[in-house]
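Working notes, beginning with the structure itself.
Chain IDs A, B, C, D, E and F follow the sequence of writing; residue 1 opens each chain.
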Amino acid sequence: MTAEDQSLIVIALLPFLGALFPGVMIRAGRNACAIFTALPTALALTMLLIHAPQVLDGQVITAELNWLPQLGLSASFFLDGLGLLFAGMILGVGLLITLYARYYLSGDDPMGQFYTYLLLFQGAMLGIVLSNNILLLLIFWELTSLSSFLLIGYWKHLPEGRQGARMALAVTGAGGLAMIGGMLILGQIVGSYDLTDILAAGDQIRASEWYVPALILILLGAFTKSAQFPFHFWLPHAMAAPTPVSAYLHSATMVKAGVFLMARMWPALSGTPEWFYIVSTIGLITMVLGALIALFKDDLKALLAFSTVSHLGLLTMLLGFGTPMAAVAAVFHIINHLTFKAALFMTAGIVDHEAHTRDIKRLGGLRTLMPVTFTIGTLAALSMAGIIPLNGFLSKEMMLEEASHTDWAGSHYAVPILATIGALLSVAYSFRFIVHVFLGPVRDDYPHKPHDPSFGMWAAPALLVGLVVLIGLQPVLVEPLVKIAAGAVTGGDLPDFHLKIWHGITPALYMSIVAVLGGAVLLAMHAPLDRIWIAAPRPEAKAIFDRLMGVCVGLSRRITEATHDGALTRYLAIFVVATVALGFAAWRGGSMPAPTRGLLPIPPMAAVGWILLLVATASMVAVHRNRFRALVVMGVIGLTISVGFVYLSAPDLALTQISVETVTIMFLLLALHYMPKSSPIESGAVRRVRDGVIAIAAGCGVGALAYAFMLRDTATIADYHLANSYEGGGGTNVVNVILVDFRGYDTYGEIIVLGIAGLIIFALMEALLSGPAARKLRNTDYSKDRSRDRHPLMMVVATRVMMPIAVVVGIYIFLRGHNQPGGGFVAGLVISIALLMQYMASGFAWTQSRQRIEYHAMIGLGAVIAGLTGAGAWLAGRPFLTSAFGYVHIPPIEEFELATAMLFDLGVFLTVLGAVMLMLYSLSRIARYAGETMNVEPMDYDPSDRTRLARQGEN
Amino acid sequence: MIEVALLFAFACFGLGLLMCLWRLTKGPDSADRILALDTMVINVIALLILYGIWKGTAVYFEVSMLVAMVGFVSTVAYCRFVLRGDIIE
Amino acid sequence: MIVLAEILVSLLIVIAGVFGLVGSYGLVKLRDTMQRLHGPTKATTLGVGAALIASILYFTIFKDHLSFHELLITLFLFLTAPITANFIAKAYMVRHIRAKDLPDTGGEYGWAAYDDPPGAFEKE
Amino acid sequence: MEIVVATSVGALTAAGVYLILRLRAFAVILGLALLSYAVNIFLFASGRLTVNQPPILSPYGEASYTDPLPQALVLTAIVISFGMTAVLVMVALGAHLESGSDRIDLDKPDAGEDEALEGPAQ
Amino acid sequence: MIHRIIPHPILSLTLLLVWLGLVNTVSLGNLLLGAFLGLTVPMLTGAYWPNRPRLRRPLVVIEYILVVLWDIVVANVLVAKIIVFKKNDDIRSHWVNVPLELRSPEAITVLAGTITMTPGTVSASLSADGCSILVHCLHTDDPDAERDGIKQRYERRLMEIFE
Amino acid sequence: MNHWVIAPVILPALLAPLIGFVMRHDIQLARIASVTGTVALAVIALGLAALAAGGSTEVYYLGNWPAPFGIVLVLDRLSALMVLITSVLALIVLIHAIATGWDARGRHFHALFQFQLMGICGAFLTGDIFNLFVFFEVLLIASYGLMIHSGGRERMRAGLQYVVINLAGSTLFLFALGTLYATTGTLNIADLAVRLQEIPAEEAALVRVAAMLLMIVFAVKAALFPVQFWLPGTYANAPGPVAALFAIMTKVGAYAILRIHTLVFGPGIEATDGLAGSWLFPAAVVTIAVGAFGVLGARRLMPLIAFSVVGSMGTLMIAVSAFTPTATTAALYYLVHSTFAAAALFLLADLVIARREADGLRAQPAIVQNGLFAALFFAGAIAMAGMPPLSGFLGKLLVLDALRAPEVITWAWSAVLISSLMTIVGFARAGSLLFWKSTAIEAPAAPEGEGEGEELPTPAEPANAGTAEIAPVMVALAVLVMLSVFAGPVADYLDGTTAQLFDREGYVTSVIGTETES
């Protein structure tokens, strides 16, 4: 019987909404801040209590919002007994903590932050206990880790705080991730992430082969959260947090999340030997171990922390037993532990706050100085010890009762005895809390003279202790809650039972008597035992954790820095090797059809070219250290390749190749002037052999690939281009038509690339000349044994004729490009080369001074012209780059063609010219910076001038 | 008859190219290498002209002209690098 | 007539080949760089020149359309060859020949590669 | 002829790869230039080899032409690689001027910039 | 005035011819276009050719060209002989200093070019003040004769043309 | 034909030259133009996304040539989505660059920025494989310029490496394209898909090589092992805003693999059956590990973030490698998430480093607004580490949920889960060192480990970060919040996207099937 009620969502979200306020309200003062923290909590609590009756008579309240259906994640909540119990605890204690913290936090602690974190955490916890979708639960689960990280690290300036926070995050985070895996597996088994579905599918889950992995992963999450052995070590270190945090997270709520989860999943996961042995054993060990450590802790909070560990172990053990009554006991003890432990933490906080120390060895005799605190503390401690008639006694009796008839691997005694020892130890440390802190003589060496705090601070613990006594005397009051919660845990069927103090003479009674007496004795001989304990060697969890972390970080760092050390050459080697290997693997995966093409003959001239290319390539490798020689060799290679293109019917390629070649070499020469002229031998023989092998492998791969496809025909789309070049594109040079029309968009991108290159080089030059490089340039002398004539007369004169001719040639190549080899790009390069000629003859500075050309503008203009030409087609409603052309005939001139493609090509032309020139300009700027003077005359010396001057001298 | 002559000429220039290559790799001075490259360029031009005759097409004319122009510029550039370091000071 | 033309063209082509070869051969055979410099100038002038004339005749006679663009290349080469030779010579000299091993200019200034031009210092 | 082209591509690639594995920026530049030659020929060859069939439509008669598309692609590739090379050269020059060395690999990261972990609570 | 429009008439003419050479056909359209280029291009590049050398005596120009061409043919054969048949040890190369009367840079350049193009001699360098050319002779027994030959055959004519 | 399809390319392509050449002396004018253009781009992208949401595939025939002979642009939900992400990210980054004055520390920032956008949008929109190459080059060369923007020793050297590795990549791209054209005779992606279906398995050797080479090319961009080495050095040395913009660059690689290896070489193509996935998966797993180790071992803030980016790419690609619709949806969701997460972190890091002496992960006197930056860093960190409530967690769940195949589940899940733990711990370390421990140090006290041969400390500006500086980070984080709050609707859109992506026939018919008008 379920009831839909969306207000559940409001309850779940209230804390998060509330979290927005403290940060703001802190400006209005600490009280306002506290109030605005309390309000949402109180509101949520009231809303919860409104639902309580329904839930208590067995209803389950649900609410659902779609979130990510693709994943089966929905914001769906449900409130059953167990949920009610925990939600009540979370909100109730939250309220008390808010009050307590208001007085606990000192003036210079950022209170707004604290309350914000607190509310975030509260919301996360609330979410966990109300989620009806395990993915949603996971989200809240992780949120508790995060928010507790913030809370524990609240005192940023304390290293303990920071480390404790990080440790808690690491451990619980790890658990959380494991749990994600477990939950996803559950979802897979059941086919739904809805908790109700999963709880209903217990048998299916237990039957699945994925059961054990899922169980282990989920338990990892639970154990880490609930500080179960061997993950118990983080909890004490989390105690660096302010006491309110410890009281809230580490007694009442977060650490119980693990217990809650086990209780929640009980119907789905429990009832198998795996469950029993893992859970109960871990619980048992934790209980005893925690208690033992607690006994010897001198820091009040540490003592309480380990006692918490121990009690969580107790709960875990009970859930591990897997019997309904054990579940009842667990639920009941959850309530009791909450009451006395929260009270104790607050007491410890008060003591700390008043006496300015939490060290038991420095305390004692506070009974007379702070009677109220004493009363509260004592009652709570007695309950923790399980002394009749306080509530601790009742649940401990039930625990011992369950333990007394639990067999463990066939033995009747293992569990009962260990359980008794656990109880005994907890009696001991509880008594110690009372005796060593409050009893005994008043001392005069407290760091600060203690006295009872203001009401506001002891109100909260007092209230809790009230509950301790009340529940102890009248357990019936909580019976319905326990019943319904336990019912929720077990999934309904509970034996009829009643919570009462007196169960008659039972084994449990004997066990607890033994425990109490033994505990007293143990306390009596604490001093000697303590010495033994201190002397005894034992693993220091923190140290181990730190070392582990150090190792992980160190290892990661070594791995990372060994592989990512900026050795580009290795990166490239790996790149090439991987490529060759994978390419080969891919090739192996299929086979090839028989060759369909015959081989072309190799005429002698081709053979000569072949030799030229191979020899040049080889010598390039041989002489690459002598950089200038390498560049000369490069010239040979470029020349050979262009001739090859001519032979293989690609005149356009030949034109482009040869002109690009030249400009590139120019550029390299210009740069080489400022770089070392030779590379030293740096790589050893082994390295060179290795590289050689890699290189040859790559070469063979590529060669084989090319050879393979050159022997086989494929139908290509190019027939269309051949067919439509003239009619559709208005040009007979199909390559050019492809460039400016069929694939003009490529060319557009390509000239953009050139334009950008120009820009970058310019920007880079500017950056260099305004950086340290400028100093280097100024201070280095680049003029070693140079010839004394900078601008030889002959060159200057020859250029005066050559340059105009070259320009005309450029114009010619541009104009005919559409129908014959050529086009805007080559034309651009030819003109640049013409200008280069001029620069080499008379120098860049002089040439520029004679006639300033704005290369920036030229690039921009080119790019824009090309772009607008393409966009012009829009006016005709055609897509970008749609071309138009027509033939003009003005008698008596023979007809000629006009095409938008040529306008586009003009854009190409301008961009190329501008880009190349801007690059050269940038480099010559550097030259000027390197201290080169600018010549005022076109040539070094003009003899005719001298004679003219002479004549003037005569007359 | 012209074919024969052409084949002969091809052979000559081909041989010439190889000789240039030899000089280019042997050096000894960078001037020799530049000279060798320049001579290669000239041989290539001749070859292109002859190839045009061989195929009876003028398509390859631009290439040879461009090679001539470009060859000049790069030769000067190489020399200027040796002579002055900065080629367009 | 056609036969004559054929003979003429073939002859020119052969001449081109021969001189091209000789030019390159000089490059291999001759002893020092300055001497080698003489080789290519031959290949350039007569070799390519002959080939170009052959081409002109061939296209004008056999492909019967007046073709004279080969002249451009000739013009080009005639303009550039001296400059390149001059540069290469200097590139060699500055590294291997000391000024005093050269004949004196007879004027107050030395050879361009070795001596600053008149008034060079006003500019600096 | 195919074997000529294939071997040439292979040789250029091998040389290029060897050079880009050198330790100096300039060698790497040369290597990349060779690689760009290699890839241009490779791309060109993907249109298969033909002799004296340039894709220049002749007004008269049914001539056969080579595949023009790869030629166009190669042109684009040449231009782009030209721009790239130019930038590369300039960046290399910049790196050399800024750092005083034209080594291509970075120096090893200097250790001890931070504490590996905060030491145990002092 | 006319100089401002046509700074270099000969250049303009050359460019027209170049254009016709490029298109390789003579037609009205190309003539016009060529003429247009012949006018505009020099204007664009004129900035790089500040002074305006004048050519006198066009007949001498033609004569000069013919002389040079003839010398090229003849000398080529001679040099080819030297290269092919002479043993390296028998080749006697010489540096020759040719003092110049020519002053115009254009004239000096043409002379230097001529020296290089006529085989057997390569003009290696000018003097810093451009008053003499350093010539390298591949093989000669009488360097002075070479010098006088150059001055007589070429420089004299160039003086008439340029100065 | 809808001319708006090409607007995302043409707008920046025309704007950039104007900025670069007309306004190059007036930074203010350039800023205005750049921002205006980017806003316009975002608006257009939004419109296109809305258009594509209809499920139709818009094809734009450039030059009015019919496919596959001309170049086509294809706007489907995927490309629209990518363009939208790009424009939004660009706007965020641009504001940051202007607010922090990065754009004025060198020449031509805005021109290069616009060109960068042109390249990225072009790459996302094109339906032609060679044109994809061209636009890769456009975006790459622009990125070179941005990477070395404002120079500096370390940056120049890292920039050089970035350029070299990418040039090698481009070369490989061309080898791949050559092989592809030689074996299929076409460049149009739709046409390729058709022809691949016709190639029988026993004749597939060459085309398989092409497919593999292409995948490696894209892997370089996507920073997948073993070609991820370049990324940390590059991103760590790039100017903050540029690094943030680069968050989309890695996604270009991911996009290309999604597009090409789903549509052309994808499921059901017997010639290249299972080729991509079988290699992508292990590569992705290792990449995740590389990222995790890097984050945990990082000495400095920028590398830390850079490595987390590597890790996120691994997670993204591990989902891609499944080539199933659900996994692809997950991948896309994670793609969007990781883009903005990385951007937020890089922008934040830039603000923080500008106020510290160096980006070493060591305690220094607390910077101004320590609390604010700490909070923002915390948010960014949990986003990157995939913790709730930000979208990273949902993304991770989606990925894990999609990788259930028995042969992958173990490796995939352990890789993702363990790596996120390492990431969490790494970021926790960093945060606590940067923002918490620093509060323990008095302002005048000299930071320990001073001057260990590190580059000159950037002068710490005490200036408070203004709204304009904080806003971009905030917006990026806000996107993440939206992404997780509205995960349902987003996932719906992505489901549609995936469906469209896997509908090979639909794509082919809409590109080749239809005739061009005129």
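Structural remarks
Note that a residue touches a chain if its C-beta (ideal position, glycine included) is under 8 Å from a C-beta of that chain, and two chains touch if they have at least 3 such contacts.
Just so it is clear, the structure is predicted and the values come from calculations on it, not from any experiment.
Separation of subunit A from subunit D in touch steps, taking the shortest path, is 1. With respect to subunit C, maximal separation of chain centres occurs for A (centres as means of Cα atoms). Chain F has the Cα centre that lies closest to the mean of all protein Cα atoms in view. The most distant chain from subunit B is A, comparing centres defined as mean Cα coordinates. The pair with more inter-chain C-beta contacts, choosing from A-F and B-C, is A-F.
Rounded to whole angstrom, the centroid-to-centroid distance between subunit C and subunit E, based on C-alpha atoms, equals 12 Å. One inter-chain figure worth recording: subunit D and subunit F are separated by 24 Å, centre to centre, where each centre is the mean of the chain's CA atoms. Spacing of subunit B relative to subunit E, judged by their CA centroids, is 22 angstrom. Note: centroid distance subunit A to subunit C, computed from Cα atoms, is 68 Å. Among the residues of subunit D, those touching two or more other chains are numbered 20, 25, 40, 42, 45-48, 52, 54, 56, 69, 73, 76, 80, 83-84, 87, 91-92, 94, 98, 104, 106, 109, 117-118. Counting only residues that touch two or more partner chains, subunit A has 159, 162, 549, 553-554, 557, 561, 566, 568, 570, 572, 647, 651, 672, 702, 705-706, 709-710, 716-718, 721, 742-743, 746, 750, 753, 756-757, 760, 764, 767-768, 771-773, 786-789, 792, 794-795, 798, 801-802, 805, 809, 820-821, 923, 940-941, 946. Touching of two or more other chains is recorded for residues 130, 134, 137, 141, 144-145, 148, 151-153, 157-158, 161, 164, 168, 175, 178-179, 181-182, 187, 233, 299, 429, 432, 437 of subunit F.
Remark: subunit E residues 11, 14-15, 18-19, 22-23, 27-29, 32, 37, 41-42, 44-45, 47-51, 100, 103-106, 108-109, 112-113, 126, 128-131 touch subunit A in the complex. Residues of subunit B that touch subunit C in their complex: 1-2, 4-6, 8-13, 15-17, 19-20, 22-23, 29-32, 34-36, 38-39, 42-43, 45-46, 49-50, 52-53, 56, 58, 61, 64-65, 68-69, 72, 75-76, 78-80, 82-83. Subunit A makes touch with subunit B in their complex at residues 604-605, 608, 611-612, 615-616, 619, 628-629, 631-633, 635-636, 639, 642-643, 646-647, 651, 654-655, 658-659, 661-662, 665-666, 669-670, 672-673, 782-784, 786-787, 790, 795, 802, 806, 809, 813, 820-822, 826, 830, 833, 836-837, 839-840, 843-844, 920, 923-924, 927, 932. Interface residues of subunit A facing subunit C in the complex, by the touch rule stated above, are 785-789, 792, 794-795, 798, 801-802, 805, 933, 935-936, 940-941, 946.
Note for the complex: subunit A touches subunit E at residues 788-789, 792-794, 796-801, 803-805, 807-809, 811-812, 838, 842, 847, 850-851, 892-894, 896, 938-944, 946-947.
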